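Before we start, here is the structure in question, set down as structure tokens.
The chains carry the letters A, B, C and D, assigned in the order they are written, with residues numbered from 1 in each.
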């Protein structure tokens, strides 16, 4: 229960990567990005190669937040280290940053934000493999995250089965009718104070301390995810709902649904069947109903043909927040299953 | 502020109607139905004919509840009477019962509940016109209600412009993606305790005091509205969502959306344009986002060509409950606009 | 599950009592009061004498509300009747009205409201005994109620053991630090809109539809209970808290605490020990923590020497509202235990 | 809006202090403590002496949390630096750690936790004055904090006017009937799962991930503040409420009230009158009603004779959380008013 940082059994390297793909991104976000790479105890004493687990974050997360301390808990940097210090077979753990000025990228390529999917797959993965003794094959490479990070962990192996062969999703975004539509009504109401114009809210949000108005989180996510999923070619985010009534706009909403992991599975069934290990969990009172999204994703991958013995599914008593204590559980589980 | 019943200026007749159309209804509900008819002060002193306002209730309402007393408020029976006692031109007010064993009928014909739309239009209207000095033309006949009753008030004139030429909807069901979808997630979670089988919940609900479990209201409405909107020919309600995940079932959901007043308007544009007076209101924090439904319905009827000067639109500071003080406002407004 | 009123097995008489004690009450409330008296099946067929159960209501209740119908439930008038129709030994049930312009009287004598305790004990009880074949002794007379009615049911037998020898309290007001103090903060905040003057709110409340502002319920109860517990001799209610800060005013608060049933017990230990039957229940998530008040009252009466076998204590899964289905349970239990 | 750490205009030194007073503290907490000291831009270029502002934290806070990053906001380390970089006269800012195994010390001396008040006043202040070019007089020394830190900021200058002559309290603990009593009911309910024994909960809490049960925060604070305010001589915390009913225990509660800043003011009126600058603020929807505590504290210090022109009082639209953007406002205000 000591709150003060102790030494790690392994080693955490804090790098900065100069990205070609993020250079000139539409939001003017930095193309120099932090990348933290952890090597387990024993790494420096031998020449063994290790599986790698890529860890991505939820919406509004950026890499430096992994060092945030909360009372009576340790950081994931520490609890992840403790997994390997405790005897679980070692992995390289890669903490990737995909933050944007809107708070996130959803780990996709979009004219509204930038090429974050490509950045992760085509820049970071080779960068890590070139500098660390990883096993550079999909059966030894996993991706894990929570919330939007869980979403990224679900979709990236579908899109790039050549790279990722395992995943862990904690309360990952899915089943969008339940997780997103409820916010359309909240957003439309909130926009009454901004002439029903989300860009007026955005201008206001940027000009004052963030998150001092109750609508900030809802509107930020609505605008930001629109930038990821439904930007025009010129980068302008198109909302999936009418900003006055909250009514679904079918054409734009269809673009969002095309990114619903549950709905993506049938088109990527072969990639799904090739997965070596899939961890799915969520809290039973998740405010975005991501426990139900988890159920639906589990059902979809079973339908696609993934055998049950490669899946770990668990619902637990919690909401959406403060579930970081789940991450070392999935990390240890993946570490046992990745090929080495 | 006296809570005890006083005399009415007009007169309330409490009838029982023996319905042919409800005889043998699928739920075994009574075909003898209460019908309360109010005549304004002066009715018995002359031979004038009056416009009529049909008043219908929200989900789980039945006619006897109009007599319920709440602290520091009068019943609508009394506040409606006060409208006419105060000098507003008199109307006959007809209190219709459309309750079912599931709590309501949505005022539609359905193999899951019975022929309540026909009952209202083809039995009650002629019954009243035969026994009271009404002006039996649509420009002198209005329909009004709250919540599900507001829904009935929106759809009935679209379906029967030969009967109804004016309406008032208070927080009427509409824009179903906002008002209903949020409950799918709640329902799926609640059904975990019932093997994901809503009929197990229904059996439990009927065997104990009603509304003693937090899920009761959500599940009752989901089951009951399914009986109204998406029953099979044999009467079995089909849910618009997967009972395990809450995921929308597109085919069933399409049947619900076909009953969304906002979506019905374009197909009934001529009936809408013929309306003489339309009152639309809702509370700005309505738990079902029916303020946004109200906005969307207003936009739809404007788009259909109804002139603004026939519409009264108002949002006020309230939730969904306890807005009965709004009803006399719309009644007085309609009374001034109905043809006489 | 039929929502429409059926016939009673017993008989309900609806009287009006002309009270001497309430004449000229400080709030100008009626001194003619409704009094409903129920006699069980068989009453009219013999000359048997019956125990009597006096039933009192929660804050803002008045007698006519007993006839209110709620969906899928029967009124207590009906469920009480069903108790006796089902074979439980018969009782006379007396429905007493103690409403005031502030919403209630707490069943005490106060210069702020009137002599409602005396009205109940010295007018209604003799009135009933004179007109009905009751057993006019305390061991055959009980009092029961919910919320403020539960409070009245706890205190009246302590004050008048010569009249009442049994009681049932459902979520009765008690342990005031938990049930009332939380409202002081809410009240002080709400009063910011009224220059911190509760009488400005009161004037506003009376001039518009009641309960259309979120603070109405809290402020009404604060003002009204002050009129009952801490009025000056001239009738002016004194608040137990500073209207600007919500800080407890110790002298006034002491007057309230003198009416806390938990704190009253030690001074009335002999009366408590003489009780024949005490039913105590509450919901485990009661918004006023009256489940804890129930625990504390139970502990206090045990400490005072009342044997456990005369007490029925139960907590159940519910909040403060909609627990009327509990009333017939205590009625049946009392009916079995009253002397006859 | 860049979330990544930039350089400070001033300099932050991260020290470890070896405390004599905390050695052997009853909870076995470390006696080596972090102490962060910030010097403003220009400090290293001259020999000027500076006022000092001591910054303390809310319950469960420890110094390393000052470095936590939240989305779209900067850390106080950075916003405090920006105050001085922007031209406000420079101050030394001292970040003090007073964490304990229960989550906090309330900055008092207690046999239940340790001598944290003395540690702050008699060890840290001299330590800083010995190593930094401060102005070592009360009119040049302030203390500031939020929540429990605001409490510490209110009481420390009352107890040690020889050291502190100014303060800033953001949502500081005060008016305990509103801030604490509401938790007694929550605690008693939560303890039903632990045989009404808070030490059973404590054992459970320490044996699993913290804050995974909804009662954790309430019970931690109740136990921890009891350790600070109402420990026995042997260190055992005594609860201010009955753990079964939540009823106030008057003797223990009196020990808590003796630490209520509002109630402490009259006994320390001379110290209050000597204060040079007092900043008081809180959010109008603070979950602990600390906006009302702020009002009451303001009223108390005015009553004690502190002139209004030395006070800055402000309520703003917020709850208790996420109000760190207020801290640089008070820091700048104090910096202008401290003697130099």
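Keep in mind that, in the parts below, a contact is a pair of C-beta atoms (placed from the backbone, for glycine too) under 8 Å apart; a residue touches a chain by one contact, two chains touch by 3 or more.
Bear in mind that the values here come from a model prediction, so they are computed numbers and not experimental data.
Novice: By label order, what chains touch chain A and chain D together?
Specialist: Touching chain A as well as chain D, we find no chain at all.
Novice: For chain A, which other chain has the most distant CA centre?
Specialist: C
Novice: Report the inter-centroid distance (CA atoms only) between chain B and chain C in whole Å.
Specialist: 36
Novice: From the C-alpha centre of chain A to that of chain B, how far is it in Å?
Specialist: Computed from C-alpha means, the inter-chain centre distance equals 45 Å.
Novice: Could you grab the centroid distance between chain B and chain D? Build each centroid from C-alpha atoms only and quote it in angstrom.
Specialist: 56
Novice: Spell out all pairs of chains that touch, sorted by label.
Specialist: Touching chain pairs, listed by label, are A-B, A-D, B-C, C-D.
Novice: Which residues, counting only chain B, touch chain A once they are in their complex?
Specialist: Residue positions touching the partner: 175, 177-178, 181-182, 184-185, 188-189, 242, 244-248, 262, 284-285, 289, 291-293, 295-296, 299.
Novice: Over in the complex, which chain D residues touch chain A? Could you list them?
Specialist: 1-5, 30, 34, 60-62, 64-65, 67-73, 99, 101, 103, 206, 209-212, 317-318, 322, 325
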